[in-house]
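There are structures below to look over.
The following pair of complexes shares a single chain, chain A, combined with chain B in the former and chain C in the latter.
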Partner chain A sequence: MSSQPVSATPAAPGPRQKAVHPMSGLFNGVVIRLTLRGSVSRKRALLFAIPGLILIVVSALLKANATGSSWPPVFLGQFGFSVIIPLTALLVGSSVLGAEIEDGSIVHLLATPVSRLSVVLGKYVVAVGLTVLFAAVPEYLAGAIAKGPANKLTIGLFVGALAGAVMYNALFVMLTALVSPGRALAFGLVYVLLWEGLLANLVAGVRLLSIGHYALAIANSIAHNSTLNASLNVGTGIGMGIVVTAAALAIAVNRLSAFSIKGDIA
Partner chain B sequence: MSTIELTGVSRWYGNVVAVNDVTMSIGPGVTGLLGPNGAGKTTIMHMMAGFLAPSRGEVTVAGQPSWRNHEMFRQVALVPERDSVYAFLTGSQFVAATAKLHELADPEGAARRAIAMVELTDAQDRRISTYSKGMRQRIKVAAALVHDPEIVLLDEPFNGMDPRQRLQMMDLLHAEGDQGRTIVFSSHILEEVERLSGIIQVIVGGRLAASGDFRAIRRLMTNRPHVFVVRSSDDRTLGSVLIGRPAVSGVELTGQGLQVSASDYGTFAREVAGLSRDHGIRLTQVLPTDESLESVFTYLLAS
Partner chain C sequence: MSTDASTSPGAPGVAPRASTAAAPGQPSPNAGGVIHDIGYREYDGPRLGRGYIFMALTWQGLRASFGIGRGARAKIVPTILFVLMCLPAAVSAVALATNPSGGALISYDTYIPSLRSLVMLVFVAVQAPNLVSADLRNHTLPLYFARPIRRTDYPAAKLVAFVIACLVLIEVPLIILFIGNAAQAHGAHAVWAQVTQVGPGLLYGLAWAVLLASISLLLASTTGRRVFATCAVGLPLFFSYILAHVLGQIGLQSFGPVPVGQFGQPLHPPALASLAGLISPFTLLGGVLHWLQATPRPGTIVHINQVTTIGSYGPVYMAVFIVAVVVFAGGLLIRYQRVGVA
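The block that comes next holds the complex of A and B.
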């Protein structure tokens, strides 16, 4: 009994044996499973599917009615990468960490010796996975409706959407670690609609700091479609994407290490 | 090593000082952190648990600074006040998940034992969302104890519990304390202290107001004069009768009736009705005026 973690016998509290895995790794399975179950058990999860559904439904309508063939890169590329994917990533990315911060259950996770890097990475991979499911897969399906399942544009859009899911979620997980959950959603919306949706498509200089345009550059490297309006080259897109993703996750880890509970005020 | 040390700790939010220059040392056994709401005890608890940085001073737990130190949770456990757990899990899933986060060798076995300690075995396969507040409180305690911590911090653990559950929880905390663990709980309900046979630290207005053995402090609390407002058909006569009694330390005739300071609460309460009747005085009101917790704590602060 003495080596068991919780012993009812009133033994003197000596050094307690702990089974520490030699390499617990960066990705903690328990964190990932808890995050996944928490994310999909909330009503908000129904919202995750809406942007992707819009993408598929509108593509089917355009396919049936449109006369020209220039809409797929415009709608699925420019609009999809600067609105649909970031919106899905915002809903998912702000929920994996934000919902737990909001209801306080994050404390149970943080009051353990699990490294804050593992907590952030666990949340982040779930967010990326759900965004791939709810936005990148719809991009592919919509592309397949428009151009066929093996078309260069379809594949390019899918790969670009995967990259978008990876980059956008890092940003939104960071945002929820920085500001309160309600504000994260508001800031995220302003960023998506103003910066990515409007400015990045109007002002050329903004594109160097636009995740949508990094994703477009990656998509274009496969699709080679000038209507995608990808102004960055793929090297810049990947390079900047890695920098932004790594920086955002590093900031999130740092903030979570200093996570404070609001106390009482005398 | 299972001690908590606060050295000159202050915490302020902008211009508001929540904790003001508190120095205390908490060792093995059960310690209660008491004070009215907003006194700063939750702020102190959060600083001990590493969920708040002190603005000034030092907080060390098990010999390590608590801020930005998640490794500390190998020896430390926190039962947060907020009633927020992963409600979509069953009780046993929640405790086992916590055991896995602590990388225990046998998480399921550890979870079973911890759940048995809080007497929730019958409910362990139900979702936490179906639990009562008291049950949620207990499942959080089970999760906190699952890794056999040396130090357990409980923020308002008795909230939402009925008296029987409180008693059981207090017994559990004492059993853990007797095993050499350092158990710290915060509470704003003084009644909970009565069941406690340890050390208490009283926090009032962000300062450490009293510190030491609970019996001594409880004596202070029971011996303080109690003030009653008494109204009757003849206040002046009643006043002259009451001042002759040893249980009464002072009487003042006011516009709102008699203000009586009783040095012995129980005796005064027993005597007042009989004395009035013997003198043909009809009592219309006997109202204790200072029974609020604030006044008890303020009294402690003054003494």
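The block that comes next holds the complex of A and C.
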């Protein structure tokens, strides 16, 4: 972790007072802090919390009223994994990098001697953290309401949600590096809607390329619940998940290395 | 005709307001300054009024709904969606033509509910912003309101245009379906039977168009950025659609065994399953249809997963539908009351 502010010195004449460590660590504290501040202090941040809140409230209502006990895997598994986690990750993941590209301040960040890998990783870590806070933790709380805090299903759903946050955010950060921020949001929405929401549930072959189903496979390896409809085995889920995450981040770093600003940046 | 140049942004033929300050041709004696006549020619012919502006806005909105007047890329999505919607009707027509003994596969009322919901969801999310975003973003609204239109005319024209656009997507497949069926019908009596069936289907399509157009235009007009407007429309519609489905499913599974009727429809479903459909516009419309049909007619095809379960709450669906249309369409009109000269 570098705590060195990197923006101050490049133009300073004379011998440098402080050494700048451009590659001093994979994670740059300043990038992380600024990204966190930029993401949470916007009005848009209120939107992040809505899906999770709905998940918890509906779970509590179902718990109070339902006579059967088969609903938690259906609601938390299907609804949570195909809607709540991808949508929260989409909102968060497309704004960590997108907000700075949009207002043009990414130029100043990229002009500093911080490696593009550190920039992408810093943004990505914040996105994962926020998604965990706004989607995986509500998923756990909803599970705890439904089944109890130490239930296998609750733990499984939480672990699956963590994995989902890790994978989805890599994809959406990559998407913002590839196309303009607004378009990334629209493409991401279409992807979540058509690929994850529709095709992955209709066409068996698509599941092999569906992040939602990797996360479900990981959740199912702990929960062992057939109602979750996890069709991949856990090895495939973890393996493909790692490949997708690493590939997406590598593409994001690569794209950011040859970054050019499009549109009217004042 | 007034020669007073200061009225030019307004409509001199309609309301020459400033002519009280200066008589035509001669500046008033205590006028602070003189506006020079630098030779612009005036238009003093008849001016087209409010009605024509409304028509023009509607026509413009209808073109924008399908990307007409923009580049080829803007036409991709509407074209794909239109073809996708018409495909089952065309297939049905061909299937009936080659095998006339087989009955009709697709109902006029529901068409194919899942396809219609999905296509309309994408259509309103992608196309509704095209009608409203540019004017918000480029601050051109004051120019419209400087013309002799009322505040409500602009959103009303957009709404009419987008309802027509949605109708094109919903009704054209039904008409193709009708032509396919009527071509194979023998005798005037059979053709008339098809007409009486397609009529309610077209009316029900209007209910879809009105509800979806009001919701999507209101949501799209919250922001001037087109892509964000797309998400403002698409995210809530998608979220509520899945939520309604999952809750309906849970309602049938987790609230005790539900007896199943003659057509596979649940009898006396629990309240959750019956009311979950109110969450999403698509399932709300399904519930309205279910109530209007009361029980499915024998011989009609019932897709049990796709018809909203309404239990004994049918009138609630109709009431919520009416309230929703009034609220969303009214909200759109009110939204443009306050939009000001932003």
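As a working rule, the second predicted complex is superposed on the first by the 239 of 266 C-alpha atoms of A that agree within 3 Å, B and C clash if a C-alpha of one lies under 4 Å from a C-alpha of the other, contacts with A are read in each partner's own complex, and residues count from 1 in each chain.
The definition used in the following text is that a residue touches a chain if its C-beta (ideal position, glycine included) is under 8 Å from a C-beta of that chain, and two chains touch if they have at least 3 such contacts.
Just so you know, these numbers come straight off a predicted model, no measurement behind them.
Student: A:Val57 contacts which: chain B (first), chain C (second), both, neither?
Tutor: Neither chain B nor chain C is touched by A:Val57.
Student: Between chain B and chain C, whom does A:Leu193 touch in the aligned arrangement: first, second, both, or neither?
Tutor: second
Student: Could you say whether A:Ser69 touches chain B, chain C, both of them, or neither, answering first, second, both or neither?
Tutor: After superposition on chain A, A:Ser69 lies in contact with chain C alone.
Student: With the two complexes superposed on chain A, say which partner A:Ala247 touches: chain B (first), chain C (second), both, or neither.
Tutor: The answer is neither, since A:Ala247 touches no partner chain.
Student: Between chain B and chain C, point out the one touching more chain A residues.
Tutor: The larger set of chain A residues in touch belongs to B.
Student: Is A:Leu26 contacted by the first partner chain B, the second partner chain C, both or neither?
Tutor: In the superposed model, A:Leu26 contacts neither chain B nor chain C.
Student: Tell me the contact category for A:Arg183 with respect to chain B and chain C: first, second, both or neither.
Tutor: Only chain C; A:Arg183 stays clear of chain B.
Student: Regarding the shared-chain residue A:Ser82, is it in contact with chain B (first), chain C (second), both, or neither?
Tutor: In the superposition, A:Ser82 touches chain C alone.
Student: Does any part of chain A touch chain B in one structure and chain C in the other, and if so which residues?
Tutor: Common interface on chain A, chain B vs chain C: nothing in common.
Student: Can you tell me which positions in chain B touch chain A when the two form their complex?
Tutor: 2, 11, 13, 16-19, 37-43, 46, 49, 51-53, 67-68, 70-74, 77-78, 80, 82, 84-86, 88-89, 97-106, 109-110, 113-114, 116-117, 140, 143-148, 150, 175, 178-181, 205-206
Student: What does chain A use to touch chain B in their complex?
Tutor: Chain A reaches chain B through residues 4-8, 10-13, 16-21, 24, 28-31, 33-34, 37-38, 41, 103-105, 107-116, 257-261, 263-266.
Student: Residue numbers of chain C touching chain A in their complex, please.
Tutor: 118, 121-122, 125, 225-228, 230-231, 234-235, 238-239, 242-243, 246-247, 249-250, 253-256, 272
Student: Can you list the chain A residues touching chain C in their complex?
Tutor: Chain A reaches chain C through residues 51, 54, 58, 62, 65-71, 74-75, 78-79, 82-83, 87, 182-183, 185-186, 189-190, 192-193, 197-198.
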